[in-house]
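Each of the two complexes below includes subunit A, the first together with subunit B, the second together with subunit C.
Let's turn to the complex of A and B:
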């Protein structure tokens, strides 16, 4: 009984409960035939939202107004540049990865430079940055679709004992993120800054350094996700990041991270990412039209937030 | 002898200045733009963007953010292009219901203390879905009166300029002069003290959202009046444009500090930035990037001016 109460108090439990319900309903509808396939697809596609979602979560934890809108442009740029550099050569996989990470670091530093030096609200700074990054992507891409190296394409599309490789990558990154947030000084600093910048500064926390590191981390994760997604889908496309803007914010908030900052949680991102993918595939199995599917997705998102949001108020 | 400027007018200075500079640059590059037709073409699309920016500004006044603005304007455009010309009553009823939905949204966000970003994010799916249901393929036709209004040619000054001035004056009176405007700005500034003073915060939030929806509806109708047909994705970029417009115009994300006149100028600046870049013959690859750069330059200027203002005060 006590354990149950403890479980109900966890903010991430709601997204997992919702995921389980949706999974069950979908399986019931298809007569249990596609249980394994559905779970595998859900893990694969959720993995991409998890990777960008973790970065976005770090940024959102920094406090009110902190958000990174350059995520989709970053994904597109890193996917495009990395695939162009690798040029279907297996030996270039690691250099490609390195370039993707470096691009992420550069864009992250750029983002924070705008925020800090020009004192622009993060939402506008990252938006302006995303315009510039998107232009660079368009300029490098030129509409040519370059295939990923065979080894990398194999890695991203196959699975290990039934678990998709990208999901394993997402899991490793999640564990690192969880350790960073919960066990390291850096994580404590982020939460402290999210709760009150003046107080954090008084306590001697290097506020600017931490915020810079966080924006860089977010850009690097988005870049990594773009690299994987481009390899997974057999080439980079200019609009490949677009749906991940809303997705990255939605998974963070549905997962139970406080939008006001200072309180984050990694398991919730998994629940929310799986949930969002399953909702779409559930509505797909019912054979509904695109319009009704969108409306239902929106209503379900709002419903989950209303249930989960109400619980959170008591704790704050 | 020094001109005594209030802080509010200083806030307006930078947006007005950047608009003027941009306008001069456009005239320099393309002198033919300096005519009735030229101005009309330059600012034609500004009217719906301005209205959407005003709508976003009203939401930002109560410290919220509407990420569904683009999809909502698209939805209204679809309704305006399908129901309004043939069954005006049904069309009007749908639009009224949408405004009511916004009011409910504002109340729910307040009562349940939900983050507006996420709720409107969810709503963007709903509006997008409804738009697809109403108009599955691009098409429809504009209501005759909207078409007439948007293409009318008043003497001396083009329609787009007249409309912008009217919007600026009307919203200035609503937000800066009326008691309702003071109330919603108070909610943005300090909710608790407004509540203690005996005002209903629920009514204020609901009212602000409903008024925002009203302006967004006008934006959708104006857009259809210009384009004569609609599409479920017609106005998606309005979400970010409207936020950028408010900020360019000197508004803030929190604290109820907004300026309707500034927002109108900000929207005009953004519209003009697009034309300016095409006059510069920048390669299409870099058009979006240059737009980002312009945004950054204007904001940097604003920082500079704020610094100067502070130095003046320090003296």
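Let's turn to the complex of A and C:
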């Protein structure tokens, strides 16, 4: 009984409850035939939103106004550049990954440089950055679609004992993020900064250093996600990141992270990512048109946020 | 004064609390309190941190509903309760935690507290009301009412909040609750406020006056109520109390005021810290190892700015230094002190996390040990260090901030008037800790608005308009010299300027 009460107080429980309900409804509709297939697809597609969502979560934890809108452009750029560099050569897989990470570091530093040196609010700074990054992607890509190296394409599309490899990657990254957030000094520091920058500064926290590291972390995760997604879908496309802008923010919010900052959690990102994918596939199973589907998705997201937001925030 | 009491005793009480009980989880904040406030009296409310003063005040202003017992305004036994009802009966509150919106101007903040200011030209009427009240209570205050509250100093914000509470817009205040109103005001402003309280009470208004400075309570209140552990332990006219009797009633023994300044030879001739004159004016600043350096002067004359600049220049904003040089104790808790979402323990340990961790992962067992050690050393009143920081009373939150700074290995501790709202018993404990730490070689730089604290320092710098105008040592440190120096203007140094 006590354990149950503790569970209900967790902010991420709602996203998992919603996921279970939607999963169940969809399975009921198809008569249980597609349970395994649906779960596998959900894990695969959720994995990408989980990876970008974790990065966005760290940034949102930094407090009101902190957000990274350059996520989609970052994904596109790292996908195009890495695939072009690898040029279908299996030997270039690791160098390609390295370049993707370096691009993330560069864009992250660029984002924070805009915020700090030009004193622009993060929402504008990262949006301007995203135009620069997107233009670079267009310039490198020039409309040519390059296939990923066979080994990498295989890895991203296959499973290990029924669990998609990309989901395993996302899981490993989530565990690292969880340790970072809950157990490390860095996690305490970002939570402190999210609650009050002046108080954090006067408690000896290197505020600028921590914020820079967080924007870099977010860009690197977006970049990794772009690398994997481009390999998964058989080549980079210029619009491949676009749906991940709203997605990265929605999974953080639905997952129970405080939008005002200072209070975050990793499990919620999983629940929310699975939920968002399942909502779309549920509406698909009902055979609804694209327009209705988008409207319904929006309404369901708002409903979940209202239910989750209506709960009492446990404060002694 | 007995006469005054008698003449009012027949009249209907402004507010009447009967057998009020409130508890927060396991903590019993009020264990059956009776409090009756009549028109024309100033009730002084005293007691230790956590005695329940703020809680009973919150019950009276409608912010908390009692779990047991009744609250009646103007004798309406079964009337409405709640914040709106309390305001409707003319009850106004000046909070210990300043409650103005920092992003709004003084005029806009007046509008928030006074709903009657509606329709065309409310700005003009609000400006007139707040300006005249400020002029009345604090003559010569120099506050520009069109400025955002966030730009004002903490003393100015407190003045605005007081003036807002006393302002008469459509409806006159009947009972004004002042919770530690003088703690961030310097002596001259405090005296202006107390004078206004006396006039207001003489005119038939009522005031509940909470203060840890017993002299103020004795000189201003007509009746004194002493609280201890959520109960009223004494309720008598002021004339029947003396300072010693009051302290005894509160249940604490004040240590004999010993001369803190044991003649200590400053063996090191090399200062641990030295700064050129601020803004090119006045005297340079120096601090030696193991010294207690006081920063005095009227409040808001650049003492806090100097501490903050000092801190910023000696701690990394991009990387944390391996050995922290400075630690900081905040006075403005809500602004640069507490982390409201966190537990007491997390708030305490935040500045020493790098010492508590291995490979940058926090050792939680060490953290708990640190928390228990300081809970014992500085007597933080809580059943569990995992409780939220906001579950503590203001004074106890301040103790946590103290522990946070003292737990850091830094050789220099900066204190930004941290004793605001802390009771006498705790103050004595903290003074003792500060003294023993100083003997072990730590340097304390201490800005304080309270003369007693300044007087236990080894050396004192007096500020005026952002610059140091005087340096006092040893036997020259007394109220008279400090006040005299506070009004001296700094001379511009030709060489620097």
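Going forward, the second predicted complex is superposed on the first by the 311 of 316 C-alpha atoms of A that agree within 3 Å, B and C clash if a C-alpha of one lies under 4 Å from a C-alpha of the other, contacts with A are read in each partner's own complex, and residues count from 1 in each chain.
Methods note: a residue touches a chain if its C-beta (ideal position, glycine included) is under 8 Å from a C-beta of that chain, and two chains touch if they have at least 3 such contacts.
Keep in mind that what you see is a predicted model, and the values were worked out from it rather than measured.
When the two complexes are overlaid on their common chain A, residue A:114 makes contact with subunit B while staying clear of subunit C.
Of the two partner chains placed by the overlay, neither subunit B nor subunit C lies in contact with A:21. Of the two partner chains placed by the overlay, only subunit B lies in contact with A:130; subunit C stays clear of it.
Legend: residue contacts after superposition of the two complexes on their common chain; A:150 is shown touching neither subunit B nor subunit C.
When subunit A is checked against subunit B and against subunit C, the one touching more of its residues turns out to be B.
In the superposition on chain A, A:196 makes contact with subunit C only, while subunit B stays out of contact range. In the superposed pair of complexes, A:176 makes contact with neither subunit B nor subunit C.
Interface residues of subunit A, counted against subunit C in their complex, comprise 179, 183-186, 188-189, 191-192, 195-196, 198-209, 212, 258, 262-263, 315-316.
Of all residues in subunit C, only 24-25, 308, 311-312, 315-320, 324, 327-328, 330, 335-342, 346, 350-351, 353-354, 357, 360-362, 387-388, 390-391, 404, 408 touch subunit A in the complex they form.
Here subunit B touches subunit A in the complex through residues 65, 67, 108, 112-115, 117-119, 121-133, 136, 240, 243-244, 247, 253-254, 285-293, 295-296, 299-300, 303, going by the rule given at the top.
If you check the complex, the residues on subunit A that touch subunit B are 64-65, 67, 69, 114, 118-121, 123-125, 127-132, 134-136, 138-139, 246, 249-250, 253-254, 259-260, 289-299, 301-302, 305-306, 309-310, 313.
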